[in-house]
């Protein structure tokens, strides 16, 4: 379908900012359904190379980890629907290593004490873009979500991150947090950050924090005083942002593949 | 054991008194070119203004309603009386103000406040400014504080008005800006010459007294290079069965190195639709400081915007919103960094209680030219019970890398630990909660002149305690 | 001497987890008791439960103060009766100054209005006596205070509120030598001027040296496992808990 509206912000805001939705031509989605009902599926690795909808349900008392890697250079749209039962947990790791991507994550924290973590990292260069819309809907009591998004924008890369934590009435005792750090490495890069908290329940705690810009002058000074040149400092910081997410992947082969894509020798390089 | 305290609605009786208006004074409800023409006739508008109003009406008719924010379904614009002619012409002598209007403002303490701590006062009753006065020494320094309509007709200021009026907020901005352009009436014009510092604040007070009426005052403030002004705006209305509409417009021009502090305590009655537009344009090293307390209204849309247009310009926004029963208050701020080395700081608090809904909405835009800019946004929301709602919708857009942007937001309730700590020192639960809420609102109250801070604390106290204790 | 605090078979916990199992102890008016035990033994839970913390639910037993059953009373009522808890982790309350807060608290506890200047004067004097920087009076309650300043502020509140019973929950822990001196001085001042009763929870012999300790209670796993006179406190601190807990 041409001009399909995607990544719709749950609560629209000033239209002139261009963050309420994005449009894409979608021909066909590949659909993947996964139900995790025991601990066998400890870690699921998924490479997203075409338009994909992934539905993942994690059953009661089960923990799972989902790794999604976007290393295509083409236009790709992805939607991930997560449903968590009582005491279920999903740790999501997403790596955006290039391309022009639209990605949506909608997590339904249906169960009591269900937990969702997302560690998302990106490294985008010339002509690349990412429109990311993450929504965590808290229904279950004492459910928790912890979202961390880190990345670097080079050249004229464009990135939008919309992150919504939605505490529904009844989700008493729930906590949600959202952290974003964006390192801008080019004056042409465009960044949009939209950290939304919706709250219909008194007994919850939500917070979000974002820092956007170049690296803190004090950090640069400290590293320079140890003999590291500025360009190298930026590369080190960029790498550390990605490593934060990569470190969470257990599977060695997957890691090696990622290092190859990034042109790194190995994690110790 | 946790105890919930049932807290009643604020006692608004102080603001709810009203006086009868004379039916003959109303123009027909609804808005047509004929009505706009009548307003122009009544006011003796110059030709450009007559055209401006009609053009705005055209824009109004073809502009769609905004698609975000609070619901304004309860508002029937066609039935809001847009213009009510007052019973008196402008006065500079309080004694000449008609008695019922005078009583209204006496009750609100306006002339009293003037005597005590203000450099000048303007009071608007429904559509027209009924009283305006500045201290002599202030007038001698070249400061102009008058009603906008007189200024428009005064050859000394006519050109300034024409070249600034609705240039910052054009009628095309949004539907209610267009409505404002068509039916605006009353409001203030302030001009502060180069390097003049007003040490004491100027104040204007808006009062909507008529039933089902709209207030569309226009405030235009121009600060020349190096000037300083603190302008205070207060709003209130008694409670009527029919909804009222306030669609005012504030345009602030802050010159090179000038500083303008703009404080508002808004306490419209809780059936008002407060759809107000405020905007400041700040030149090199100039500074705008907004202090904003939103307590009243049924529905509010209020996002004062600061455009930092010159190198080194800065903006600070400090706000508090208290949404109680039946209120849907959508407030926040917009900041545009348009020049190098500009900085902005936003610190807001919101409180939701008794089913009230509060939305914090903001937009910080750092444009390509704003190299070396800094921005810090901090918003905190407090939920006082489980039937209320609080949303936070901030947006940050950056188009240059040489910037330093920080954003922090928190939402939650009063911690049991804090209540226990205060109770262990002898405070009752209600007192402990009220004390914590007062502390929460401290960012705004400490920015206000003392008598306003006291009024605000009283409003919070009333909201928190109601009939308890 | 008359009985001030009596705890009878007290059990309490958080949600389904019981942390105190049938504690019984009595403190007479004017006495100084020491409460000891390893981390997690239930000392702070007991202190907070005596104060009426809603965090803990009493599942059995009674607490009497001055002969009245206060088991179900809220914390503010207990404060008005003269119970004071010096918190191990004093809460930060932004926007309310220490001075404003204390004035409110004194008015609540005494039921009398206090003139602002009078309050400021007494506060300044108390702060000077404790060697506290008087500028802290106008700072937000505990916000940005160092660990030592927070504990000094608790002692300042103790001296200002003049309670009949003061429970000091590790008020001396994590402090440098000078700050411990201030706390000791504060306790001494409290004993001298108010003649109040003390329950001290501590791991530190230093703070006890200047005091006459009447009784020592050792807690383990939510039970009183050993009791003795003041000397017991010093023996435990010198030799470690194992020996004393093991004997039960």
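Letters A, B and C name the chains as they come in the text, with residue numbers starting at 1 for each one.
Basically, a residue touches a chain if its C-beta (ideal position, glycine included) is under 8 Å from a C-beta of that chain, and two chains touch if they have at least 3 such contacts.
If you're wondering where the values come from, they're calculated on a predicted model, not measured in any experiment.
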Intersection of the contact lists for chain A and chain B: none
Of all other chains, the one whose Cα centre sits farthest from chain A: C
CA centroid of chain A to CA centroid of chain B, Å: 39
Euclidean distance of C-alpha centroids - chain A vs chain C, Å: 47
For the chain B and chain A complex, residues of the former touching the latter: 67-68, 334, 359, 361, 363, 365, 368, 371, 381, 383-386, 388-413
Parts of chain A lying in touch with chain B, wherever the complex brings them together: 11-15, 17, 19-20, 153, 169, 172, 184-187, 189-214
Sites on chain B touched by chain C in the complex: 1-3, 415-429, 431-432, 435-436, 438-443
Of all residues in chain C, those that touch chain B in their complex: 51-55, 57, 72, 74-76, 78-80, 84-85, 87, 90-91, 93-96, 101, 104-105, 108-109, 140, 157, 161
